[in-house]
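As structure tokens, here come the structures.
Each of the next two complexes has chain A plus one more chain, namely chain B in the first and chain C in the second.
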Partner chain A sequence: MAVATGGTRSLAAQERRFAFALLAPALLALLLVTTAPLVYLAWNSLNRIDLGMPWMSGFAGLDNYAKMGADPRFWNSLWLTLIYTASTVVLQVVVGLSLALLVLQIPKGQGVLRVGAILPIVLAPVVVGLFWRTLVLAPDVGLVDVATRALGLGSHNWLGDPQLALISVIAIHTWQWTPFAFLVLLATLSTLPGDIFEAARLDRAGAWQRFRYITLPMIRPAIVMVVIMRMMTALSAFAAIFAVTGGGPGSSTEILNLYAYRTSFTELNIGYGSSLAMVLLGITLAVSWLMFRLRKAKS
Partner chain B sequence: MTSRNSTLRRGALWLVALALLTVWAFPVLWGLLTSFKSERDVLAYPPKVFFTPTLDNYREVMFGGASILPNLWSSMVLSASTTLLTMLFAVPAAYALARLRYPGKRASGFYVLATQMLPPVGLIIPFYLVLQKIGGLDSYSGLTAIYLTFSLPFAVWLMVSYFEDIPYEMEEAALLDRAGRLRTLWYVILPQVRGGMAVTTIFVFLNAWNEFLFAVVLGGSKVRPVTVAMYNFISLEQTQWARLAAGAMLAMAPVILIGLFAQRHIVKGLTVGAVKGGGRR
Partner chain C sequence: MHHPESLTDAAQPGRRTALKQAASLGAVAIAGPWLATAAHAQDADLAPYRSAKINWRQVEGESIAVAVIPASYFDNLGALLPQFEALTGIKVRIEKVPPGQIRQKATLDLSSKTGTYGTHAADPMYYPLYVANKWVDPLDKYLGDASLTDPAWFKYDDILKAWRDADSIDGKPYGIPYDGEVTVQVYRKDLYDAKGLKPATTLDELVSNAKALNDPTNRMYGLALRGFAGAGQNMYIYPSLFRGFGGKWFTGKDVTVNSPEAVRALDWYVNTLTQYAPPAVRNWNWPDIADAFSQGTLGCYIDAHSSAAVLSNPEKSKVVGKVGFARWPKGPNGKCATSIWNWGFPINAALSDKAKKATWLFISWATSAETQARTSWKFAGPAKRSGINRTSLWKSPEFADAMKGSGDNFIAAALESLEQDTDVDWRPRVPQWPAIGETMATSIQSALVGQKKSKEALDEAQARIAQIMKG
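Let's turn to the complex of A and B:
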């Protein structure tokens, strides 16, 4: 008996040692490439670091954070981040879900549609941005401009006008990532058991009622997950906007992410850039915490 | 009456589906078309669908003054090293997280998940400062290190969901045979998750190939992946769109091909990530 318990205990110890050995490389790597840099970032955000004027560098306390309050460009970028994230995520989920519900009713040929939907997802955002900037949105020869001219709506400077530029970058992001929501929701929808809908139909539940009271609750976890993942992508969107407008004209498409980048690497104000990145980090963590709480509460 | 209605309905559905496909595939197809045009045909109004195709653009971007071939090589080296290193770290860690009992399991899982949420711009500033100090800018090792920040947490979580799908009995039977833990993992478990490893490899490779922000800041004249080369191209040669299109086609050919051939795997990977949690893209 005593031998047996000793055996299980040593087995458990062996399992523990094995687990640590397997985990150690990955955890050490993550510690080195994510956590250590973050600590350094937090420290930098408390310093004045100006690569253009290195002699001015030094500890600055919370100066960088205090500076934000009176910085209109910061508030503008925060506002744009909110608009950009909210509109792209809502558009992706609504369009993606509608299309998935629609395509679900096509018995054959879903495969072709899936291949078509994969295309935008696998492209590099920077290349997507370049494509749109030249072939799609360029005045006179871009596809969209050709279309609006043919429809009699006239030619527009899609990326030169502040409002149109914002709409354009939102459209580009939505174009590239809606297929993601579409594919995930289509896959989730096709796993739902058919008989429950049949029963509802026999109970004379209408299409909207079936959707509202059966489909939606069943796919809620997938929707929440899609929303979380799409929000993360939107909050750290960079390459496509950078390639299309560079944050401009002026700062009309400069979301917080781009503002932090421009401050650090264009204006070489690393200290202030670090504090802006810290704010973005805070927002990202708060959002993901909130969403996970929501997910747990619902499931 | 009903059958005519359903035919109509099916027709309408197909029309919508076709419109959908067009919207998503069109920019890529239009880019492909443009890459065979002369610069003059690109700027024609109305746009030309029929024209005399030319291979000049491809010849120019491959063998001309600003050849894209070194950039393709850069992307290849960088993506391959990132993928290899990521899988080497992620697969064992994912197995431990999915299957083994040890203290601090929840905390370690949460830690990996949290590292996935970090905004890239927050990581690039400290990386830039440190690499600048130790002379690591414009090097494959520096960029591979920062690529781990997005590929490693993602790969761990994707692999965890595949390990969780294996029945416990297989492992127990192997362990009872005194096969040893490492041997069990290698000969019994890993063959079971071959599909999952393929999916994860594909995703990590795609994400590394498409990365731009880290490469544009930390790269240079030696390490310049295709994404950065494309961006530089348009800022230098603003109006040479046919050439840009040809370059973009070459730059994106690997990911488009992977996307088309591994379509099923990609959809599965997206879904697994979405249903079980984890995954940024």
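Let's turn to the complex of A and C:
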């Protein structure tokens, strides 16, 4: 028996080894294309690499990180990242859930709506950005401007005014990604068993009570999942804002990601830019970890 | 590594004729429809170049890549490439990179020493950066090498001095200007004449002219200047104002951007655009401005002389024949300061010696008087270049003839500006320019959109620039 156990053990070990050998090429590729650049980024963030001042290059320890404390543009971008992420995620969940609840009431034609909802998601963010910039938000000829003028609200410089620009980029992100929340929540809602709601109705629970005490708790895991995924996308948003405002006017839509990009590739300060990117990475990791913990704890 | 043709060439020296034929076959494939004319005219085509006392075929079989922006002045050059290839046996691949990305692409190529581009259309403000990193070769050794340059034929000194200076560091040339521009005043001569206005000679007159014509209810605005954020947009206009107000970029070795003159210049920029420009101007670059002007909604704008090409196109412009040109108006310190903008060609230091020679031959061909003429008034297509690089050509009757449709006083205004108003210290020429330009652009925009007061915006820029420059 002891021999037999040893045999299965070595067999299992053999199998594991074989499995690993099969996985190795994929792991290696993954290591090369994700981990290696990440390590390189981390290393760069510890160096002073400013192409404008090559004579200053060298190991700098944590200088780049220390520098952030006194950099108002960093704090501004951090604050904007927070506003941008929080507002887009909340809007997506609220609008997506409302739409899903509404569509659930429609007896026919849900399929068409689902297909239609996918369209914004499959567009490249750059295309979305350019589309909004030239067709929707342009002064005089843009759809939104035409609408506000028709409603007597006057013409506005949607992307030229600091506050409107921030609202605009939030609206664009929400427009593109709400369908994701909508589709996931719609799918979850349609799997909820009807008998519970019937029972609740018999107990004279009102519509709000049914939503608050039955629907919400039951779709909670789906909502948390949507929030996690949307947060990660919002934190790393780049292309649409880049195409629409480039972070401007001034620095009023310059979220951390754009600031890191501008620092590295426009100002050519690769070292400081890398450390900004590392901070963004840290924030994304921390937020995701928190959310996952939250999900585990309650479910 | 990157030149398969040259390897073949070296391996089979006895088969030159066959290879030449192969090369010309390749040219045939590219030239296509023009083949018949090209073959006939070839010898006559190449004669003006062959009068140079250098061996154009010294590195035949080499191939190089050149990055340029998509613009008619480079398209014209691209159309003549079969002639260059017939002359030298060097293959040139032109890669078009949008202006917003060409600096980054070039910097990436230069800093990683991949040697992808033999040369590229370079922003003159980037030479300090290139030189500090030793990414490009000093060109004096190419200009001084009798086997590479025939000085009597090339006539380097005939190239406009302002642009030569802009592409040099400490007196050494690092790029040869191919095309460039000056900033001039473009105004509606018909409207000015009707109201008895004269083109402005001072900034005050510019404002009073704008005031006289400004009539927003009838979609008529007095003036427009680039307002969009960017080192090449609002930081293209502001430096001229800054210098005109008597601003100086340097206090000792430090860059200073928040002097009282700087604040006054920015206040002027903000106030003038707020009062007399279309509301969207803060998002506008020159094409938007030229479009608005050609639709007849602007009384005047100040921008590159080459933007006028849009205005004389009868298919797109409603103001053909109604356009006049004048120099930059003087600032309070009595100075006109126009841009020193030009697209020059440097040589990538990461290339092999052979490729460097090939690149130099390409540069001297492209910037020579003959090619400049052939891409301007001698060019067969509709777009005749107006940014030619040589004093003698600017003064030639053929050029005047080709440009006569542009408007009143076009050549005189541009040439006077080129000779008198150019200012090498138009912007701070330091290796950190990319960061400084970007910082200034962001601050200027926050003042233009009313997010911050001029003083506050410039103080912030100063703090950041001090941080950037800190050694």
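By our rule, the second predicted complex is superposed on the first by the 286 of 299 C-alpha atoms of A that agree within 3 Å, B and C clash if a C-alpha of one lies under 4 Å from a C-alpha of the other, contacts with A are read in each partner's own complex, and residues count from 1 in each chain.
The criterion applied here is as follows: a residue touches a chain if its C-beta (ideal position, glycine included) is under 8 Å from a C-beta of that chain, and two chains touch if they have at least 3 such contacts.
Remember, it's a predicted structure, so these values are computed and weren't measured experimentally.
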Greater residue coverage of chain A in the superposed arrangement, chain B or chain C: B
First, second, both or neither for A:217, with chain B first and chain C second: neither
First, second, both or neither for A:14, with chain B first and chain C second: first
Which superposed partner A:61 touches (first chain B, second chain C, both, neither): neither
Partner chain in contact with A:206 - chain B first, chain C second, else both or neither: neither
First, second, both or neither for A:260, with chain B first and chain C second: first
Touching partner for A:250 - first (chain B), second (chain C), both, neither: second
Touched partner set for A:131, first chain B, second chain C, both or neither: first
Chain B versus chain C as contact partner of A:175, first or second or both or neither: first
First, second, both or neither for A:140, with chain B first and chain C second: both
Residues on chain A lying within both footprints (that of chain B and that of chain C): 140, 265
List of chain A residues in touch with chain B within their complex: 12, 14-16, 18-23, 25-27, 29-30, 32-38, 40-41, 44, 99, 102-103, 105-106, 109, 112-128, 130-136, 140-141, 143, 146, 150, 175, 179-180, 183-184, 187-188, 221-222, 225-226, 229, 232-233, 235-236, 238-239, 242-243, 257, 260-261, 264-265, 270, 273-274, 277-278, 280-281, 284-285, 288
Chain B - residues contacting chain A, complex: 10, 13-14, 16-17, 20-21, 23-28, 30-31, 34, 42-47, 88-90, 92-93, 95-97, 100-103, 105, 108, 111-112, 114-115, 117-130, 145-146, 148-149, 152-153, 156, 181-182, 206, 209-213, 217, 226-227, 230-231, 234, 241, 244-245, 248, 251-252, 255-256, 258-260, 263, 266-268, 270-271, 273-275, 277, 279-281
In the complex with chain C, residue positions of chain A that touch it: 50-56, 67, 70-73, 139-140, 155, 157, 159-162, 246, 248-252, 262, 265-269
Chain C to chain A touching residues, read off their complex: 104, 107, 111, 129, 132-133, 229, 279-280, 282-283, 430-435, 438-439, 442-443, 445-446, 448-449, 451-452, 460, 464, 467-468, 471
